[in-house]
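The first chain written gets the first letter, and so on, giving A, B, C and D; residue counts start at 1 in each chain.
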Amino acid sequence: MEIPKLDHLEKMHGVERVINESGIFKLVSKEFSDKPTKIKLINNVEIGSKKLTIIAGPCAIENKKQLIKTVEYVKKSGATIIRGGAFKPRTSPYSFQGLEKKGLELLERVRQITGLPVITEVMSTEDVKLVAKYTDILQIGTRNMQNFPLLKKVGKIKKPVLLKRGMSATIEEFLLSAEYIYSHGNPNIILCERGIRTFGKMTRNTLDLSIVPLIKQISHLPIIVDPSHATGKRELILPMAKAAIAAGADGIMVEVHTQPEKALVDGNQSLRPSDFSQMMTEIALVAKAVGRTI
Amino acid sequence: MEIPKLDHLEKMHGVERVINESGIFKLVSKEFSDKPTKIKLINNVEIGSKKLTIIAGPCAIENKKQLIKTVEYVKKSGATIIRGGAFKPRTSPYSFQGLEKKGLELLERVRQITGLPVITEVMSTEDVKLVAKYTDILQIGTRNMQNFPLLKKVGKIKKPVLLKRGMSATIEEFLLSAEYIYSHGNPNIILCERGIRTFGKMTRNTLDLSIVPLIKQISHLPIIVDPSHATGKRELILPMAKAAIAAGADGIMVEVHTQPEKALVDGNQSLRPSDFSQMMTEIALVAKAVGRTI
Amino acid sequence: MEIPKLDHLEKMHGVERVINESGIFKLVSKEFSDKPTKIKLINNVEIGSKKLTIIAGPCAIENKKQLIKTVEYVKKSGATIIRGGAFKPRTSPYSFQGLEKKGLELLERVRQITGLPVITEVMSTEDVKLVAKYTDILQIGTRNMQNFPLLKKVGKIKKPVLLKRGMSATIEEFLLSAEYIYSHGNPNIILCERGIRTFGKMTRNTLDLSIVPLIKQISHLPIIVDPSHATGKRELILPMAKAAIAAGADGIMVEVHTQPEKALVDGNQSLRPSDFSQMMTEIALVAKAVGRTI
Amino acid sequence: MEIPKLDHLEKMHGVERVINESGIFKLVSKEFSDKPTKIKLINNVEIGSKKLTIIAGPCAIENKKQLIKTVEYVKKSGATIIRGGAFKPRTSPYSFQGLEKKGLELLERVRQITGLPVITEVMSTEDVKLVAKYTDILQIGTRNMQNFPLLKKVGKIKKPVLLKRGMSATIEEFLLSAEYIYSHGNPNIILCERGIRTFGKMTRNTLDLSIVPLIKQISHLPIIVDPSHATGKRELILPMAKAAIAAGADGIMVEVHTQPEKALVDGNQSLRPSDFSQMMTEIALVAKAVGRTI
């Protein structure tokens, strides 16, 4: 039992540690495995390899037509995984909460049409089985990074889990949440930086790219970057996607909408299809400069 | 349907609003009810009235002896509600996770012995019924403030809910989480400020007392303050408890342990029994100065 | 020479220390003097004693009539020191920058009329002598907390200095800035908490009252609280002033304006004269509850 | 006179604005000049052009030998401007404060030997003339971003000024500080992002790269990035330098020391000479990928 050691950690709250010197990370640490984790999905998609992972799609699944049109476009431009929200965590109870099961069915349809793996968020322990049935990757959102019953539950399935950083989570807390998933049996974890909350007002959050090389020093898990939620502004997504890749990220996740101005959720931070294809062209050059491909 | 209005809110992310001018808060707002909400519990305990609410007890329930000794002491010194954690949200999967059901049973025993209402945290939708059976108030912790399925679930029961502010939640987000509970059917909500995360390193969090008068302007819900988690330091709890009451809080919640140095969780921020009785003496004077009693 | 020890501190950036265990604070620390510093001014005003210090007056000195009317009112209601800005640090170069020397002359007139000590901000090493000639206390503003040449300069005069905390300064940085003043020869230092910058949007800053008891543990210097700049909202000043005193502050500093809606600077956070007298009535009760007087 | 408009800004504190829609930035804005500002220095060095600016050298000038050895190395590896601190802003009064005038003389010697332009920090209005005499660019440090008398003073000379972002400054505040310099007569301004203060503990600050494309949208001024102070960790400088360039920065500024473990200031964040030459090789590839050269 590591209780003394871990309690020690909590009591030292606020103390900068030499990276993992006290062994607080176990299964997710480089000490446990110095080989980078690679996660294999259908269609030969592999996360954590030389080829970057590009996850794209609408923030929320709104209807079949919107979804199909978007995913066909992003596939053509080089996306390797399709995203789309069926269960939406919304600040207000009166906001659109997602199509739920119907959204999952549409996502399954997308998977059949494109042949690409799909990812969607799961918000409740009670939905884990259902969501796992329809998707290739389960996303744990920023608000649930420390929803420990949910982490334990997705730890007990085998489907890969994309874990988003909490909006004010430290790196230790982020990796210990991954440790919850791993220690319950599921080693297929992808970390995702999506911006932290600071005093800044011109962006939705502050993209903290230094976490990318820090994670690479401490952990064998892959890490991707979500510049859409990090910035909240369409025009910042392209430069921040390039910066993320230059910093060593294993991929990016972006929101794309055919008509952002009509989007039910997060239209301001959704790329138009033409923005997305331009982004793919430009990040290919940066990827090459750092020894990666798209 | 308020969807357009609310989406408008989310798009304006970062915009300071004249308080509730756009009507984003409904059921929790003063526009809905200008009479302060009072929550009645057993033993004539009432939250939100002139008499302040004093919630005290150990951070985690460790064993029967420790618990009974602590609660008898705090009752004698004037605590009106007993706290004790049975399910503990811990940063590391290897830390003590609480006694779970056995902890709830001990809490029920405390209720019988003292005649006082009890409060404990619920972390999972699947445990809501169980926890509601054993306790008088369900606590939603800071990490679950935006666990929307959990908010909806506790919205469907009638037991009072104490909602802790997320560690980087704005006041709007905090009240909209309360709105989730209220709009699903449960009006018995107590808000709780417990410190926000800032750059400060000498305290565990930064106690944001200005939220107390702000909440009083916007909402009819009672708000109490937790100086234990806010400061993380025993010696700061007493001055911050006095400050909270001077600012207009409806009560305080503190951790008490008979042997803090041996506590399994959060010993550094637990009052000793003698600290607690001194606190009660001193806050009584401040309470009187602002027209309240203990 | 403590250089090695101090460099050690800077290298440990981010490390929580047991309070001053490594001796980084010298002259400002309790180890140096465990007797609280008291600062004596004209009219028997003493900062740091049982009687609280109440500093009040307009944010900026605008004209003689406005100033005289305001100070007569606040004196009548119990203010013991008069504030008024002659040199104003403004975010934009196009904003009103203060009356400068003419403002100082008006302040001197106020001193003659009321018999009360006066305080005003000094922003430049070149103005230190001039400002010292006209006032009883020199204020170093939040933007200059680490303007080291200015700290050294006010360290070489004998006039008391009120040092405001930087808007994102840690307690160590705050006390080390006071150490700059003390170590250059001036022990007459008053600390002032005025809110820190966080993600919060409903208040101008976040008032961090836990610094008050922390400073009392580490240092012998008096500390007062400025709820006007901390909150930026008139209606929050009274509850936060009461909270500050309950937390153990040695006094408060507030902005008062006879017509806040016409103020050239910071009208939203200025008390009306009637607000000020109500505040004095209410804080007198809280002061008594914590063993102080006004 | 724009006073009403600007006061309006300050009253709206906390409000997200459509970029410069209210015209708060004048001379530094793209509305004033849509041609990017280019700053010409000796040796055909030009800041703000296609060729990136690489500023390198020791944090503090310690002695002639150390300085000459370092600058010869960084020149050989491609640095185009030499940095070196003569006046050091130190948190503690007991830390090494810099060689002051002697440091400036050594910097002049470096300029003669290498033929490269030099930059050093100026902390006091009284030193502006002296520092301007010895250097090609005057640096205003993060702690002085809102030292308005200093901004006005460097606004009255013609030497280029590198303005570092305050550690908790918003973009509006940053650009308005540049506006102070410009409106007092000096248009030769280089902005510098160097990390903001957040809750993060594994890095000294949090590098906020999204400011780079934001500045490019609002202003015609060049912006460079300082990954040394932003991260405080040697091993993060290379990935963050690449990310900065991918995001569109006009250059980078890094600290280099021949023996970091013996550095008087900031050794942990100083590159070794070999790190620097590797960085130059790698950033050249990223520069090419985004249409720039080094």
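Keep this in mind: a residue touches a chain if its C-beta (ideal position, glycine included) is under 8 Å from a C-beta of that chain, and two chains touch if they have at least 3 such contacts.
Treat the numbers as computed from the prediction; the structure is a model and nothing was measured.
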item: Intersection of contact partners for chain A and chain D; value: B, C
item: Pair joined by more contacting C-beta pairs (B-D or C-D); value: C-D
item: A-C, B-C or A-B - pair sharing over half of the A-D contact pairs; value: B-C
item: Whole-Å gap between the CA centroids of chain B and chain D; value: 46
item: Whole-Å gap separating chain C and chain D, where each centre is the average of the chain's CA atoms; value: 32
item: Sites on chain D at which at least two other chains make contact; value: 13-16, 168, 172, 197-199, 201-202
item: Touching residues (chain side chain A, partner chain B) in the complex; value: 1-3, 5-7, 9-11, 13-14, 24, 26, 89-96, 123-127, 143-144, 146-149, 167-168, 172-173, 176, 179-180, 183-184, 197, 201-202, 204, 232, 264-268
item: Interfacial residue positions of chain A with respect to chain D in the complex; value: 14-16, 19, 168, 170-172, 196, 198-203, 206-210, 212-214, 217, 230-231, 235-236, 239-240, 242-248, 282, 285-286, 288-290
item: Touch list for chain A against partner chain C, complex; value: 12-16, 197-199, 201
